[in-house]
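Letters are used for the chains, namely A, B, C and D, taken in the order the chains are written, and counting of residues starts over at 1 for each.
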Amino acid sequence: MNTFGKNLRLTTFGESHGKAMGGILDGMPGGVKIDMDVILRETARRRPGQSHLVTARNEKDIPELLSGLTDDMVTLGTPIGFIVRNADQRSGDYGEMAQLYRPNHADFTYDMRYGLHEARGGGRASARETLNWVIGGAIARQLPCMQGISVNAKVSSIGGVKGSAEELAAVVEEAMKRGDSVGGVVECTIKGVPAGIGNPVFGKLHAQLAQAMMSINAAKGFEYGDGFAAASMYGTQHADIFTSQEGHITTKTNHSGGIQGGISNGMPIVFRVAFKPTPTLLRDIETVDKDGNEKILKGKGRHDPCVALRAVPVVEAMAILVLADNLL
Amino acid sequence: MNTFGKNLRLTTFGESHGKAMGGILDGMPGGVKIDMDVILRETARRRPGQSHLVTARNEKDIPELLSGLTDDMVTLGTPIGFIVRNADQRSGDYGEMAQLYRPNHADFTYDMRYGLHEARGGGRASARETLNWVIGGAIARQLPCMQGISVNAKVSSIGGVKGSAEELAAVVEEAMKRGDSVGGVVECTIKGVPAGIGNPVFGKLHAQLAQAMMSINAAKGFEYGDGFAAASMYGTQHADIFTSQEGHITTKTNHSGGIQGGISNGMPIVFRVAFKPTPTLLRDIETVDKDGNEKILKGKGRHDPCVALRAVPVVEAMAILVLADNLL
Amino acid sequence: MNTFGKNLRLTTFGESHGKAMGGILDGMPGGVKIDMDVILRETARRRPGQSHLVTARNEKDIPELLSGLTDDMVTLGTPIGFIVRNADQRSGDYGEMAQLYRPNHADFTYDMRYGLHEARGGGRASARETLNWVIGGAIARQLPCMQGISVNAKVSSIGGVKGSAEELAAVVEEAMKRGDSVGGVVECTIKGVPAGIGNPVFGKLHAQLAQAMMSINAAKGFEYGDGFAAASMYGTQHADIFTSQEGHITTKTNHSGGIQGGISNGMPIVFRVAFKPTPTLLRDIETVDKDGNEKILKGKGRHDPCVALRAVPVVEAMAILVLADNLL
Amino acid sequence: MNTFGKNLRLTTFGESHGKAMGGILDGMPGGVKIDMDVILRETARRRPGQSHLVTARNEKDIPELLSGLTDDMVTLGTPIGFIVRNADQRSGDYGEMAQLYRPNHADFTYDMRYGLHEARGGGRASARETLNWVIGGAIARQLPCMQGISVNAKVSSIGGVKGSAEELAAVVEEAMKRGDSVGGVVECTIKGVPAGIGNPVFGKLHAQLAQAMMSINAAKGFEYGDGFAAASMYGTQHADIFTSQEGHITTKTNHSGGIQGGISNGMPIVFRVAFKPTPTLLRDIETVDKDGNEKILKGKGRHDPCVALRAVPVVEAMAILVLADNLL
């Protein structure tokens, strides 16, 4: 339940306001030189507090790698254990929330599932867990089998608006001013994956990607290739006609999104993930406490108005973990 | 790779034009009375040849249950093995295709993955595999923990058209006349699931559903609750405000689609699956053979113009397998 | 629970007196020519009724392979489903036992575990389940990675007596005359496994073999190399001194039994499995019924006086499944 | 490969001379009060340096629990991450060994498996890994389902000598004087396990125990109940006759060792594990280097003359993990 992958397995732990986050990446082959700067670059990308558009919470997020590496940072083939201390634990921010269910948060469902929830910051439901995933992905990105493969995600729309970074930022700012949040879509394009990766039946490459992406906090939808638009198309419109180019077979179009029958066909893999608006708002909202009494939840705390913005490196990390798992 | 589930595991086998399909359902508790009529009803729902809108291939599809049951059809708690003989193996239909890659089919990717593909009817990539899933789901549907839970899927749109069964049928018929196929969306509503089902992190209930649905042939997208529309919404629009009704806590709206933080909240679980148009057409289409030579693929064979129509009982079966796995 | 292996997975079903035994072997690569005669030879080796020393129950035990193979018996890389009909179901033999707990049988523990047991012949606890394993092993034996590897098991002692086949047979005959049964040890020697197979920590090769062998009915102990005798030795006695022979490194002795630190070292892998005497006797024995009333269990039925004799091909099959799982 | 268990999963990391050992215990239910003293007591039991009979290496071995617990040490139902810093890393001790293969150690097989080995102290092959297991077991021991169950292991023989603690100590001391090591047997008795725990076929309780015990460093054999002695017995000798005592069914004897057909029968579970003599000796020994050149390995370093002595708490910890996994 806290393990992802088969050949390359990431097992994680950590509550957002506990002592530390951390994980074990098991299955890395030996002899791979790991560049710590790549890990720091990726964790920096997802770190909050980088601009006025994301939460002001400030953590250094410097992972400590505890095993699986020589002093020269070469993998031993043994599991890589890592931890990141939670430096900034202002749990008081969450104190008065402890008895109130925040709408669209996991507070209520955790109570139903476990009989209690870790009130301070959402426990395992917090997006801080994705820090572990980004670290795992940043290590896996350095595998020999991943060289020549590019994984690039970007926010393709916010609040229904497609456009330049400035236009998207304007939508977020406008929502922030009103103490509101806004949803968005992240699109990921993977180039360089050879044909033949994935499995038929239950191990379809796109089913693995779907599970990975839907594990990200606030994800509400996944589609690849033409996705939901394909449901409005005719077969003659959607057909990717095969052609021969310089001795190898490819397709003229990429309606399929790089995967056919669950297996990569050598074309770019393209998928999109829909993220809902952050449920925590900076304005008051009606709710109930554990006994069902109606209450007003005061808007405060440190939160992102648009979780899609911060999801970009997480989408990449999870895509890398899926690919590495299939390529190893 | 051919096994689905953790507590209730369905492992399957069978090529569409081989001797038999079959599977093993492991994890059923003992003492459950199994009604064979339920299994036959569900397999009949997915069976081809029922109307002029679906393929004319006609198979009895009568499963034989080989183990795990007393003579009185009560489960023993041991694995239930089942097979369905493939009665109708007109492999000649597929003979001339053997050297041609059918666009949007798995022929090419199978060749890349395995070095060969089972030419006759698509092998494991054929939608006939879903017969095994429907049998597994029809057995799991009879578990005590599934009583009181209703799982209902329906085609909600075809070719972009939403409407009555007649209107949807008209879209399919129009495509058929032109030898074309058309995509569609299946929507599934699950009622009666208690709050607290699912897991946080990698075992989120919607991530499990996403993986299950994206395993179905021709699926291109999955969304739950507001889905992709949530990416165009503000937090204030998307909030499901908690309220207390007759002593238990529920929400006023269901933007979340019955799942929050990966765990059911007691509201109806609602999700949609996008299906592409069937790739096999009844008209000629350009393609290449294994050596990359340009060829014309003649349209023939027995195929469904709208795979979404036949996916309905499969979506239900997979949803049931996911739920039963979590409820056991 | 009914699945064995990771890369090569055998999932099985079947009660000894139900309709059929069967299984699914998943993970076989494509392109492997399968010789049905090898399968029939191995199932014949474990079949009862071959001599006066083993049970008179007579079943043809001809497996039917239902999938995963071309018409020419070449693997497709897809799961191989197989069944064996239970031809000889003289369930009346077991009728009067239904209410009595047979000593050292699983009747009582099944009742405690499941609330009921499949009275006719022991259900899943019957040694007939091992037919599935022998079929799986006979297919796996034909993998390219298994060529050059010999797996040979033999009964090394019966009732504490070591000696020739005639001497061992005499011990069994003597026990039979008295309506008694007798235990034995099976020793297995595997040659040709390259150095470097297995995993440290929880995937140790000998731990995998131990689990596999202790899964065989009536197994009471497992040891490899010097085994329990090593517990009586000094380090200087037990050391396998390394030496260099014709350019490659080997050891002068094989106290380790071919495995060091959980990984093969290139020497023959040698292990032994202790089997208890068959619990079913041909003489009357005291017991209780389900309500705890003291009863006399009449000796009858068809059973082997020495289960170790029939375990030989099963030990080989399980060893092959473990090796193939690690070599794939 | 570094994960043990299904419902309660322990995933571990750490090289013996790296920065830290550690693990993640996943599957603990919420609401369990954890007593840190129990963890410290168990890690102290396995810690080296406690008497002149065990290695002089001295580490505090104080685990830090990083997640999964409230400030009051009550489990949250989320994974418990823990680490133990390696305080004493005298890697110089191992420097000159780096090019020599130590007999019966995993140096050679690691080289064959991974192409390199972590020379300093054996890497993952070191018995220091068992510290992680003892921590996992000490947490699991505190589960509600484990209350009423006693798990007690002891050294039952050393060098073939059975007797009092003094007599066993004398055997070890005599071996130490000669710079030699000696093997031993650990016997474990588990009382209070209810009837009905375990699974038939591949999940037999004794097969799980066998795999667990054979994962412990230096283990060469496993047996339960009469074990290898059963192979020398007749069925009439080995039969555990059922009887009714105070309204519940039990057996008059316990040849079966508390498990029948893979499922507990309510009697004490009794098993034994054979440990070979520690391969590292304090005297010179012949060996080869990586190029096959004959060399003399100088005896030095800090090692236990009898690994069976230190295995006692490890045997208990692994037995607890197996039981908890089955009871949850």
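Here, a contact is a pair of C-beta atoms (placed from the backbone, for glycine too) under 8 Å apart; a residue touches a chain by one contact, two chains touch by 3 or more.
This is a predicted model, so every value here is computed, not measured.
Participant: Counting one step for each move to a touching chain, how far apart are chain B and chain D?
Facilitator: So the least number of steps between the two chains is 2.
Participant: What chains touch chain C and also chain D?
Facilitator: Shared contacts of chain C and chain D: no chain.
Participant: Where centres are the averaged C-alpha coordinates, which chain has the largest centre distance to chain A?
Facilitator: It is C.
Participant: Cα centroid separation between chain A and chain B, in whole Å?
Facilitator: Centre-to-centre distance between chain A and chain B: 26 Å.
Participant: Between chain A and chain C, what is the gap in Å from one C-alpha centre to the other?
Facilitator: Spacing between the chain centres: roughly 46 Å.
Participant: Using mean C-alpha positions as chain centres, tell me how far chain A is from chain D in Å, no decimals.
Facilitator: Here the centre of chain D sits 38 Å away from the centre of chain A.
Participant: Going by the touch rule set out above, which residues of chain B reach two or more other chains?
Facilitator: 1-3, 12, 78, 123-124, 200
Participant: What chain pairs are in touch here?
Facilitator: Going through each pair of chains, those in contact are A-B, A-D, B-C, C-D.
Participant: If we count contacts the way the header does, which residues on chain B are in touch with chain C in the complex?
Facilitator: Against chain C, the touching part of chain B is residues 1-3, 9, 11-15, 18-24, 26-27, 30-31, 64-70, 76-81, 83, 114-116, 118, 123-124.
Participant: Per the contact definition, I'd like the list of chain C residues that touch chain D in the complex.
Facilitator: 1-4, 12, 101, 103-106, 108-110, 112-113, 123-125, 129, 157-160, 175, 180-185, 194-204, 206-208, 210-215, 220-228, 230-244, 247-249, 251, 255-257, 259-266, 274-281, 283, 285-288, 292-294, 308
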